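Below are two complexes that have chain A in common, paired first with chain B and then with chain C.
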Partner chain A sequence: MKKNLEVVGKSVIRVDGFSKVTGKATYSQDLTMDNMLWGKTLRSTKPHANIKLNLTKAEVIPGVVRILTYKDVPHNHHGVVFKDHEVLSSGRVRSIGTPIAFVVAETEKIAVEAMKAIEVEYQELEAVFDPVEAMKEDAPKVHENGNLLYHYKLRLGDVDAAFKECAVIVENQYKTSMVDHAFLQPEAGIAYLEEDMVVVCAATQYPHFDQLEIAEALEVPTEKVKVLNPAVGGAFGGREDITMQIHLALASKLTGRPVKTVYSREESFVAHSKRHPMIMSYKTGADKNGKLIAMEAKIVGDTGAYASWAINVLRKAGVHATGPYEIPNVKVDSYAVYTNNPFAGAMRGFGATQTPIGHEQQMDMLAEKLNMNPLEIRFLNALKKGSKTATGQILEESFPLKECLEVLEKAFKKDAKGVE
Partner chain B sequence: MKTINVKINGENYTREINEDMRLLDFIRDELKLYGTKEGCGEGECGACTVIMDGVTVNSCMVMAFQANNKEILTIEGMEDEKGLHPIQQAFLDEGAVQCGFCIPGMVLSAKALLDKNPKPSRKEIKEGISGNLCRCTGYNKIVDSIEKASQYLEGEDQ
Partner chain C sequence: MKKRGFGYGCIFYGTGYGNGFPDISRSIAELDTKGHINIYVGATEVGQGAKTILGQIAAEALDVPVEIVTLIHEDTSITPDAGTAAASRQTYNTGNAVKISAEELKKEIIVVAKGLLNEDHLEISNGVIRSNTSDKTLTLKDIAEASGGGFLRKDGIFQANTTEMDPETGQGNPYWPYTINAYAVEVEVDTTTGIVDIIRAACSQDVGRAINPSLVEGQIDGGFAMGLGYAIFEDINLDKGRIKHNRFTNYLIPTALDMPEIEKIIVEDPESTGPFGAKGIGEPVMIAAAPAILNAIYDAVGVRLTEIPVTPEKLLKALKKREG
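Our next item is the complex of A and B:
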């Protein structure tokens, strides 16, 4: 029976479009409540240090209601995979931006003034900023169990033997940099109580998981925590980790009043994750006709001070290290490493965005050495329907890479004509 | 404290304000017009764009007292009794809206452009919105929608 589809194949107006073109859409900074307090987060200005806090001067400022520290947090840990973030630092900061205290005051201005009045004594520790350095035995340890968080291994065939058969080999190292999502709406949120339930409204990509993490940190049952997600002003992966949600929930629970906080752009930059910078060493070999025979890659991903999604991201980078090409002999090692840099997590592509910088440059350089057209070498090695990837996956569904390359070929020819 | 008179979206307001208040905070916190957004607070992103005496300004970079005796248009003033402004309709029809946080500023920059130049080229449109950042759309559909808005407005005039 043929079904009439209401949406598929049709151009429809998005459901929230009207509210957004009229300015009526509510983002979390647009929420206010009666009797509302303001929160501000004091953050570390040093990448690696033991800290001591003195709240005396801040606490006496008129209008300061409460200053939350780690002592106020029942369960002081959170994190999407590993619980290696502290809600508020208990004495050691591992990166710039680590939350230390949450000031709650009658107005935003007073909260800022009090935040500045908190004295933080930093006893600086040796820090490590290069993930390759961080992998060495004698490197400063970011976390107690060492800096190597994850090692993914992929082995197919025999690369050492295969490289001996190659007519041409290209070997290079590629580096990508840290990237911020820079979603246009800085983080903002408000929390309030509904009887014994705490309600948190915040721009988030992960409301159901936020609920679990808030409940765990506050040591309350999940049914006592409600997370509402108003309009979200962009995210791109940057709102998958908790930022203010637990601070707000705790502040509201302890004061009994609604508490709001809005990050500045500057605070937003230090508060949320980044795209993993990667150092990728590639060795790729082909026969004299351009057919790929072997590829070896070592990928080191810098996850900064916290794990976030590093395991998943570096696994994905390893799985995608060959690019969309059929290679019979493959050896990949990808590593996620802690450093004292800002933490890295999810960002569009989730590890598959970085590796093309490596594998595609390798293809171009192989083509150049073989005096081949760069498109031709790609056509020759492209995965297609029925191919087996280096990880053993048989591509049973469509895999229209050749069609994509044909479109490119036409566009290049048109471009070339335009130049003439 | 200072007293200011401002006409916003056709309505006159007289208010006592602090000298250090930004126009953006005046619009949002005093008048509760939350359609104007703050994305950076330093004049880079254009999310807080409003039209002041016919010219777009970043309301985070203008002090409230500087708006004394001025006429301001915010996103809330774009609709009229007939409904959406043709620019807003074009943004909807072209699917130019994703997260929406840039849209109020983008719509106002489009209006300031089309008021002066009713039939802009794509290059002129891009220049017209060069002070407004969007992180979702890649701008193409926004440029398409301003082209379409130009056609809608031309049709209205005839």
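Our next item is the complex of A and C:
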């Protein structure tokens, strides 16, 4: 039997590093093919509207090969959980940036010109931009079934009784912003045909799921779609939802020619998901020794116009609302709400990035009230191996929070200037 | 006036899809005709290092030099589905699938070698098949040639442990494993301009076991930068559903000049269900930075900022409000 690890634990130089730092790596922007067409996406400029299209002026521009609308899409739906995105809008747009048409032309310049020549008649509808407003009965409905998409409930012990036992309680509301992944490489892709198979090269973080969604939208067997995933310039969750993959596949299938599209940074901002902004109301209580007794949180997450991963994100926010601390009485309600804002989806931390903005400040405020050191209150309440989380999960092994705190304390004190 | 303060942030993070959703990774390990190892896996290299560390896991499991292992992940028609490059799941989940496929291939190589050498006690060591009872050896190329000039291929599949929570109480085991960290920062706040400067930071990161320590440190640097941006810079600035900050001239993200020196501390506590003890870290490394910065700002100037990002305007307004 082997005694020591030979390769694991060694800082092997990353295998894709040389090609990336020397500019040799191939990104989907870099690909060109003979006889290639260019695609451009016409997007909604209104947050909530019924639309009518007039293609007459755009279609006659020399060099325009085809303008795809919803009528060209065999199955006009996609989405990571609910299929609530349309590939191209069939008449109602729910956010700015919703794709309406995909112009295919001989050159990129002609595609842009034709895109601008498409006439869109917007009949604006009342819109809602604040998730708390959107939860009200009389708010404009973003989707037919109402704006409340999901409610996660976490119940442990009896918070009302426990708050009465607390020596200190802090209560605050926290708000986080809607942010972008800001990955280095804006979206780009190219699609072409290999006999009766459509091949899509695009920067993605889950090629097999893209393959499924492209096949569903085109109503072709999965094995008739191939996704190639060249070098990817960052993702952070922003490449989970489909952007141009179906547009390209369909355009190539209908024209029989390779089709390429490249998003500008501005288009990238409206094309992919965002991080859910959250409004988080926290109430946290401890006994006179600093031991946490109760925590109650209400979290409202704005998912914008589409569901994307909202259910999973708000659930994850709810599960992680306590922070890494043992609290015997917990009540959490987290809500995912539709608005006419840009859609939110996966982004690094997936709901568990927002909640620490709340729980970690709560911890410091409790410590201050109790005249404790911020590290002391964390040590005292840290979950550890064998602990039970608020969802009742027993942490059966590896949960070295105290170890992390110990080494951190040493490292930070070592060269601290002006502190003991 | 410039004022300094210290702050801490601690987080836990459940990796994987969670809540009982089947979280499955698949891998194929192959010995090719040249005697090299190919790993086919649908896991995307998004910059996190999957292409490197999955190769290390395969090399370790097979006991072959890492240089002869190639990761092939760019084509859906030749790779099995390994799930998404998200949820901090590729090192743990796909790492396990790769390890299983490599171990199965190793067994198959030994079976072929036993037939060739007519010996029972064989092992692979640094890419060479050796007998424990004699000085006979075989190369991987010998095995490849002996197996009919074709390829030896073995599958690996791994599914994470997760259960669906009760819909009324949220009780259950939604994630496994959990990754933990604790960050500390020192900030300097200019009370005249409202600008927050991060002076230094220390990050202690639970990793289970570090497959590649340099790549872990790289993730901490990148994660800290993203968390810094979240705390004090980033907001797409919506106006009636329109993104006003839609380019890098107005959507500010941190540059190298905004980054402090970070002391990175890797805490190893191997997780028995992880490949060689490893857990995922891709998301956790980002999360603790922002709360630590917010707590440090309070320590420096005595005002609580409950809304991010803490822009100079917001901070000045809060300082002014406190002064009445």
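By definition in this document, the second predicted complex is superposed on the first by the 405 of 420 C-alpha atoms of A that agree within 3 Å, B and C clash if a C-alpha of one lies under 4 Å from a C-alpha of the other, contacts with A are read in each partner's own complex, and residues count from 1 in each chain.
Assume contacts are C-beta pairs under 8 Å (C-beta built on N, C-alpha and C of every residue); 3 or more make two chains touch, one makes a residue touch a chain.
What you see is a predicted model; the values in this text were computed from it and never measured.
Engineer: One more residue to check, A:22. First (chain B), second (chain C), both or neither?
Structural biologist: In the superposed model, A:22 contacts chain B only, not chain C.
Engineer: For A:357, is the partner it touches chain B (first), chain C (second), both, or none of the two (neither)?
Structural biologist: Only chain C is touched by A:357; chain B is not.
Engineer: Give one of first, second, both or neither to describe whether A:265 is in contact with chain B, with chain C, with both, or with none.
Structural biologist: After superposing on A, A:265 lies in contact with both chain B and chain C.
Engineer: Look at A:234 in the shared chain and tell me whether it touches chain B only, chain C only, both, or neither; answer first, second, both or neither.
Structural biologist: Once the two structures are laid over each other on A, A:234 reaches both partners.
Engineer: Please work out whether A:182 is in contact with chain B alone, chain C alone, both, or neither, and reply first, second, both or neither.
Structural biologist: both
Engineer: Quick one: is A:30 in contact with chain B, with chain C, with both, or with neither? Answer first, second, both or neither.
Structural biologist: The answer is first: A:30 touches chain B but not chain C.
Engineer: Does chain B (first) or chain C (second) touch A:14, or do both, or does neither?
Structural biologist: Both: A:14 reaches chain B and chain C.
Engineer: Return first, second, both or neither, reflecting whether A:127 touches chain B, chain C, both chains, or no partner chain.
Structural biologist: A:127: touches chain C, not chain B.
Engineer: Which chain, chain B or chain C, ends up touching more residues of chain A in the combined arrangement?
Structural biologist: Result: the larger residue contact count on chain A belongs to C.
Engineer: Please indicate which partner A:60 is in contact with in the superposed arrangement: first for chain B, second for chain C, both, or neither.
Structural biologist: neither
Engineer: Which parts of chain A are touched by chain B and by chain C alike?
Structural biologist: On chain A, the residues that contact chain B in one structure and chain C in the other are 11, 13-14, 16, 182, 231-236, 265.
Engineer: Can you list the residues on chain B that touch chain A in the complex?
Structural biologist: Residue list for chain B touching chain A: 33-42, 45, 47, 74-76, 78-79, 84, 88, 91-93, 95, 97-104, 107, 133-136.
Engineer: Quick one: which bits of chain C touch chain A in the complex? Just the residue numbers, please.
Structural biologist: 4, 6-14, 17-19, 42, 44-47, 49, 51-52, 55-57, 59-60, 63, 66, 71, 73-77, 79, 81-87, 126, 165, 167-175, 177-178, 180-184, 186, 202-206, 208-215, 223, 226, 229-230, 234-236, 238, 240-243, 246-248, 251, 253, 263, 265, 267, 269-272, 276, 278-279, 282-284, 286-288, 290-292, 294-295, 298, 304, 306-309
Engineer: Which positions of chain A touch chain B when the two form their complex?
Structural biologist: So the residues of chain A touching chain B come out as 11, 13-14, 16-27, 29-30, 181-186, 231-236, 264-265.
Engineer: Spell out the part of chain A that touches chain C in their complex, as residue ranges.
Structural biologist: 2, 5-16, 47-48, 95-96, 127, 129, 152-156, 172-180, 182, 204-209, 211, 223, 225-237, 239-240, 265-266, 269-270, 274, 312, 315-316, 318-320, 323-324, 332, 339-342, 346, 348-350, 352-353, 356-357, 359-361, 363-365, 374-375, 378, 382-383, 390-393, 395, 397-401, 403-405, 407-408, 411-412, 416, 418-419
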